[in-house]
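In the two complexes below, subunit A is the common chain; its partner is subunit B in one and subunit C in the other.
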Partner chain A sequence: MTSRRPLSWRWLIGLLGTLCFLLLWQIAAWLSGPSFLPGPIRVLLLFFEQIQTREYLVTVGASYQRVMLGWGLGSLFGLVLGIVMGRYRWFGTIIYSPMQFFRVIPAVALVPILVIWLGVGETIKILIIGYGVALVVAINIAEAVQRVAPARLQAARSMGAGPLRIFWGVLIPSVIPEALKGMRGSLAFAFMSIVGIETLAAQEGVGQMIWSARVLHQTDVALLGVLTLGLMGVLADTVVRLAFRIFGYRFMLRG
Partner chain B sequence: MSAMAAKHLPSIPEARETALEFVNIGKEYQRHTKEKVKVVREVNLKLERGGFLCVLGPSGCGKTTLMNMVAGFEEPSEGEIRMNGKAIKGPGPERGVVFQSDTALFPWLTVEENIAYGLKMKRLPKAEMKERIHYWMKQVGLEQHGAKFPGELSGGMKQRVQIARVLAGDPEILLMDEPFAALDAQTRTYLQQELSALCRKAGKTVLFITHDIQEALLLADRVIVMARAPEPNIKADLPVDLPYPRERMTEPFANLYNRLLDEIDNPFKASVHVL
Partner chain C sequence: MKLQSKGMQALLILLPFAVALALWASMSAMEVVPSLFLPPPAQVWDAFVQMLQNGLIFESLGVSLLRLCAGWLLGLLLATCIGWALGMIGWLRRGIQPLLFPLRFVEPVAWLSMIILWFGTGEMSKLILLTYASFFGSFLYIMTGVASIDEVKIRAARAMGASGFRLFRTIIVPSTVPSILAGARIGMSYSFLTIVTAEMMDATSGVGYIIKYGSVYMRMDQIFVGTILVGLLGIAIDYTFRQAIKRIGRRYFLDQL
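Up next is the complex of A and B:
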């Protein structure tokens, strides 16, 4: 626990940085003309106008649902897979090389083949997001499991804990800090991949909104999409972090 | 034969019960280079019930390996370890282990919850569990700290939690692997005194590992000295017949100290003279 006082300072400096950035953006907009680069004021006005429309909310909701579902399911799968990989060496060894291979393959590269197999429904989008998330989380967790102190596992065993108790009561709590790190990292990744996925096949969504703005040269709409995506990401990350801090407080403690 | 023994040795007080017996124990490890190293060699030993045995030896001589086999974390490559006459198979709550490293505690559980961990698996009634937890927290001087997390405690307090957690489970045998090695000298002395008193009061059989001669002499009623390969494992086995609580600055203590110093293969051999 760091003290509270420096935090408020950092917050202020962060705000200052944001304002500087907005100012530079506005100046650039004035210099280049509003249809080439709309300024932050214009985009923010558009944002406040749009947020009252049903269409915009449906767009945001659709993307949010995809990202959160893909990320949540991917994390869960990655967590279990990672623990099994870390705990059972032979399984880890078998699966590690193929995973290293798949780790460098972007999810988007798998889109064509998945479209052929599954069509262009929601499943494929959630699958593609979940795929990347699961890989990152699993590798993180597998390494964390191997770092769990042998003495802790031995202590639990000698007090009579069986494999199941050790799994739920010792391994999972021990790797929660690493899990949070992996999950937060891959949340950003999930937001990044949503744009690509939605440009390929979606009726609605923020990615779709950004991409279709191109047709009518709606630079302000495109930037609104970018702004929306950023805000969505920050909001989701804050919620996840707070949830971990509130419900997982004790698991974030270090011995 | 027993009749003969009885006839010739009628006045010997009845031998004390054996709690733990090592029968020809050997343990081999494979190094990365594929060569095999025999870390533990031909250990034959009997521990009396209620006795406090210290295993003394330089680092790398196989002390932890020996203890891990008693705890059931590892299997001997040769021989058998028997507890109350039955061969040990795997870990069990009748053998409580205190580790050197405080990573053995669960950092997400409070002091009270850490102590409760083993008791929960024994399915004790709630009231008895609470009572035991509070009794042992009090015994180790942690009654004010039950709601704290291990991360909020000092090193000495964390080892107290480990000791309370193990004793609350009421094991028959206590296994301790250099539990005070990472503490500062002051704290170590306090904990040695407290442990000695606690164990005598509870009448537990203790197998205590250390590389510190003074520690062995403060705690044990018997010390065995282990040596590194290729020497035979048990180099010396001597009783410590000094009254408790032990005092360091006495002649018999110093004599035993020097004797043990001679036995340990210490490259910096030097005799210490007290008084």
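Up next is the complex of A and C:
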């Protein structure tokens, strides 16, 4: 409603809100005692202390690797599957209902089966994260492909392009804006099963860190873990947004 | 993807499942993989019938559904009230926006550790966790919906003398029904994901627990029953929502959902 206000003013309000929240949190922490609710100062100090240790970096690195690999491979697979689904209607119709079925099953529910089949390796974690992302991206892309103007396809065909040329030269560039938007949206989705997966089948990772803090009554470690997840997400989103803006410029992508 | 007849459509929907079932049955009949890894369909069916007879299935479904609905409703109610309030108050909304953004990347189940430390492992913590999950899914949606109401509408109502509760009832509520419905659906999908995960991580009852129990005792047939049950429950919930949105949403032209 108020897009006319200068950007710096909005920043200021955001900053003010954050400061208010931190203040309230600190007061609540003082009132309840640090073992029940650790205050922001304590969590921040713990963060700066932990970030210098190798253990914390390995933990974060392990989770990051799972999420990003799962997201990247999942969206790549989803992109290809979505284009094929949108291009060949019969294939899309056949595969659509099983996909809907698997979309409503939380990926975490598949962990026990996959652990017995494939063992407790990195593969199943990436597979589970990637699978959720792939389904979401594929359905999005299939719809985007069907919206590609038929005139474009007919023009390419009449100029003698084969199916492979049409795929690379027409379909991919036409759906890239949609694909990039969908990929960025599914980044948050890729983070949505990491804690479940890591508590059910992992030795290290942020999810494992949060979950084992419960046994030792370390509320500050659990909070640090939650904070870490949030920061990881924001960082990944920023990098992805910048990369997409540079790459997507050619395809007239805005935002 | 429009097809000519309903029968053809049903056939196409069922075909992949039939193919998968046939593949599964023939694979275990030819013993390509040991039955410890892939139990034959008959064994899974037997496990299902047995669990149906000793009441485990109905009990688990009941417990999970009760948790799910209670948490979802409470979270949606909170999200709607706070979403209405914050949607109207611009400065407050912008003040909390930077706090909400990182939360988008934090799985609701991540809070379970804290919640257990604060409230123990009982039903109370599950209710709180699910309320949060539902709130988390729907709040931002509802708030954005309120904030994006056409200002001309509000000004017109004001000019015609509506204010306070009247303005709220005649303009704000009907304009946000679509975003509340959409938010309710997203909230439900987050709640469902969260309850299944939480029951697998830390519970002694519910649908997720069937899977967990099976995996602790290496009972592949039970894991299969649990996983299929979760899938069917998910489909039932999704179907209910589609129908409800179709019924209620027609008035508020929601065909795009």
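A few points about this structure:
Quick note on the criterion: the second predicted complex is superposed on the first by the 236 of 255 C-alpha atoms of A that agree within 3 Å, B and C clash if a C-alpha of one lies under 4 Å from a C-alpha of the other, contacts with A are read in each partner's own complex, and residues count from 1 in each chain.
Note that contacts are C-beta pairs under 8 Å (C-beta built on N, C-alpha and C of every residue); 3 or more make two chains touch, one makes a residue touch a chain.
Remember, it's a predicted structure, so these values are computed and weren't measured experimentally.
When both complexes are overlaid on chain A, the residue A:Gly233 reaches subunit C alone and has no touch with subunit B. Look at A:Leu16: by the touch rule set out above, it reaches subunit C but stays clear of subunit B.
Put simply, more of the residues of subunit A are touched by C, taking subunit B and subunit C as the two choices.
Once the two complexes are overlaid on the shared chain, A:Trp211 sits against subunit C while remaining clear of subunit B.
In the complex of the two chains, the subunit A residues touching subunit C come out as 1-2, 10, 13-18, 20-21, 36, 89, 92-98, 100-102, 104-106, 108-113, 115-117, 187-188, 191-196, 199-200, 207, 210-211, 213-214, 217, 219, 222-223, 225-226, 229-234, 236-237. Taken together, the subunit C residues at the contact with subunit A in this complex read 1, 3, 12-13, 15-17, 20, 37, 90-92, 94-99, 101-107, 109-114, 116-118, 147, 151, 189, 192-193, 196-197, 200-201, 208, 211-212, 214-215, 218, 220, 223-224, 226-227, 230-231, 234-235, 237-238.
Here subunit B touches subunit A in the complex through residues 71-73, 91-93, 95-97, 99-109, 117-118, 121-122, 149-151, 158, 165, 169, going by the rule given at the top.
Touching subunit B in their complex are the following residues of subunit A: 149, 151-152, 154-161, 165, 170, 173, 176, 250-251, 253-255.
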